[in-house]
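Listed after this line are the structures, all set down as structure tokens.
Each of the next two complexes has chain A plus one other chain: chain B in the first, chain C in the second.
After this line comes the complex of A and B, so read on.
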């Protein structure tokens, strides 16, 4: 392409909110997004639109029609295609200079440290709670900050940053797996937290019929576009904070929680926990 | 897959948060999106993903390089294309069953009634004050609810929902043009100048003073960061969905959703106006 727009022209309107030094930090930062679905997809788009030029996208999934209601990288024309490959194509259309590494596999205990080692910030955008433990354990071991997100019916969500010096993931979210080898049995117990979240969500206004069907394995997690997108946007703002490191703009580190509930007031709040941890079944 | 089967497959993850009956209401709804930039472009995408049945998008501009940092319909390959045309194409790529119409025009006194009639709700996403007044006033005359928004540096925003039988836009925001036609240049200028006062108030909230000076002299554009524009779109859209499904919106005027990402306790909350109503220069 001959008329490639300059970096400065694309990000001109960031100036004033961000300094040139901060913009340069974003340009050089390496961000890894694990899972480019409802939250990871919009977060990856936001990273590119803020001026991040190095991304690693990890996702073994393909797009299906029920992604269209909220996943910003999904279109009728790319159903059946790899989410990671489509992310690369769409992100490069936004800024052709962006360097994107893709991994079309899921994260596992075996590959996690290898896949996550060469990066500055990790977004955990997976929907499997065992994968999440693997991601945050690897990030902690590698000394890399990671961002946790949650999207919960009907209108709830959360964002939390973890670093080697903040409260570790499994402690902040009261996991039985804390300090133990992640065996198949423990993975099952971690995954079962999601069933409890489905049950609790009924008390917050999710349809009881949906929760029953979810527990029987007949329905997938219920999630609407505004909530998934708000969580992704807030996560991208945390990533920006982790990259620019402005002294008066602290990331929301564990055990603090950036809490979203569009059906309550405040709709977004930064909450602290008295005992330094959260009951994940209620998030 | 036939049209019905596609529709329900696409929106199936909404069910659980919303009922099938509520989803049917969204499918029958006709939404007007005024402006297809940082806020409206995202709203148009959200309408398509949520399963809204009909969208009319209006914008007279074409995409420019400096739109890429925040406008979800802008990318390197859509530069110089009319925003309305790109919006129509991308909406159809998300949901080919949607009834979409886009108009390359700015809503003004002489076309507002024609452009806005026949819709169930109006999403206002324009950046100049006279157009905002005309849009909300016309929606009210036509008996259509409207959702309004505004955003200011560094990371502040405001969203409110207006009903034909509720507090009018100009009354809620204490604008000096109540009941007057906006054809007189002097009045139009007076309304437009409110934005200059907002620029100086933004300096108190942390925006650079040199920018406000340049903005008032017409040398610089309004500072916009992606995350704030997108939160405005998401909260405005959520208001629209609540209204269309027959639920309660979060901020019927004069209440407002206040966004301030630099507020480290309540970044987003619903607020009652101060005594005497809102002072738009502070929003």
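After this line comes the complex of A and C, so read on.
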């Protein structure tokens, strides 16, 4: 490509906010995004727009019509196509030099450590709570920081950074699976947390009719675009902090929680818990 | 006819299992899938379409579907 803008030209406006050294750290950083849906999609876009040039996108899913309400990588023109392949195509249109490895498969207990080993930061953008345990366990074992996110009806969400020296994921979110082998039975118990979150969300303003239907399997998780996307934007900022490691810009490490409730004042706050963990059913 | 029951399972397990069963299915074979989660139903149908296979969907009740896939 002859008229390809230089890296310096693309990211000229970053200077002044970021130093040249920090920009170089971003350029060299390797970020893995597990799940490029409502949160992972916009996070991947922000990573590329900040100057990150090495991404690994892991997603076995295809775009379907119900993604269009919020997923920034989904368009009518790519319905039915692989989310990972489409992410690669769209992200290269922002910065053609970006090196994107794609895995068009889902992360599993068997492949997680292998898929996540060659990276500097992991974003967990999955929607199955058992898969989240798999991602953060692998990250912890590999010594790689990972970013947890949540999007909860009606207008809530959260972001939390985890590292080998912060409170482990399953402890920070009070999982029964903590310290145990993730058996099928334990996976079911972890997944059931989401049902409790649906029930609790009614007390925060989610429709009771939706919650009933969600619990019966008739409706999917309820989410509107700005809420999913603000969570993704916050997650991408945490990824930047994890990469540039500026001393006065500490990531929000567990058990601190970057709490989002767009119906409250403030809409976004950093919260601490008295006992060092959170009741996930209320997040 | 091969039967796959993924009722009670959440995404992405139903589509992972569907992929595996369709790969194993011989040419001319039919797979019968049962799911009780609308999200999985959507993903399963998108996967079948991407493989250019034909499918028939039958709604058993308000939140249970039977999908027949023909390879």
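Everything that follows uses one rule, which is that the second predicted complex is superposed on the first by the 283 of 283 C-alpha atoms of A that agree within 3 Å, B and C clash if a C-alpha of one lies under 4 Å from a C-alpha of the other, contacts with A are read in each partner's own complex, and residues count from 1 in each chain.
Here is the rule we use: a residue touches a chain if its C-beta (ideal position, glycine included) is under 8 Å from a C-beta of that chain, and two chains touch if they have at least 3 such contacts.
The shown structure was predicted, so the numbers you read here are calculated from the model rather than taken from an experiment.
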*Looking at the overlay, does A:60 come into contact with chain B only (first), chain C only (second), both, or neither?*
second
*Can A:276 be said to touch chain B (first), chain C (second), both, or neither?*
neither
*Touching A:164, do we find chain B (first), chain C (second), both, or neither?*
neither
*Return the chain, chain B or chain C, that is in touch with more residues of chain A.*
B
_Which superposed partner A:219 touches (first chain B, second chain C, both, neither)_ = both
_chain B versus chain C as contact partner of A:143, first or second or both or neither_ = neither
*Residues of chain A that lie at the interface with chain B and also at the interface with chain C*: 65-66, 219-221
*Could you please specify the touching residues of chain C with respect to chain A in the complex?*
10-13, 15-16, 36-39, 42-43, 46-47, 49-50, 62-64
*Across the complex, what residues on chain B touch chain A?*
1, 6, 9-19, 45-46, 49-51, 65-66, 68-70, 72, 74-77, 79, 90, 93-96, 153-155, 207-208, 211, 220-221, 223-227, 230-231, 234-235, 237-238, 241, 250, 257, 261-262, 264-270
*Please give the residue numbers of chain A that touch chain B in the complex, ascending.*
1, 4-5, 9-18, 45-46, 49-51, 65-66, 68-70, 72, 74-77, 90, 93-96, 153-155, 206-207, 210-211, 214, 219-227, 229-230, 233-234, 236-237, 240, 249-250, 258, 262, 265-270
*Within the complex, which stretch of chain A touches chain C?*
60-66, 79-82, 106, 108, 127-128, 131, 191, 194, 213, 216-221
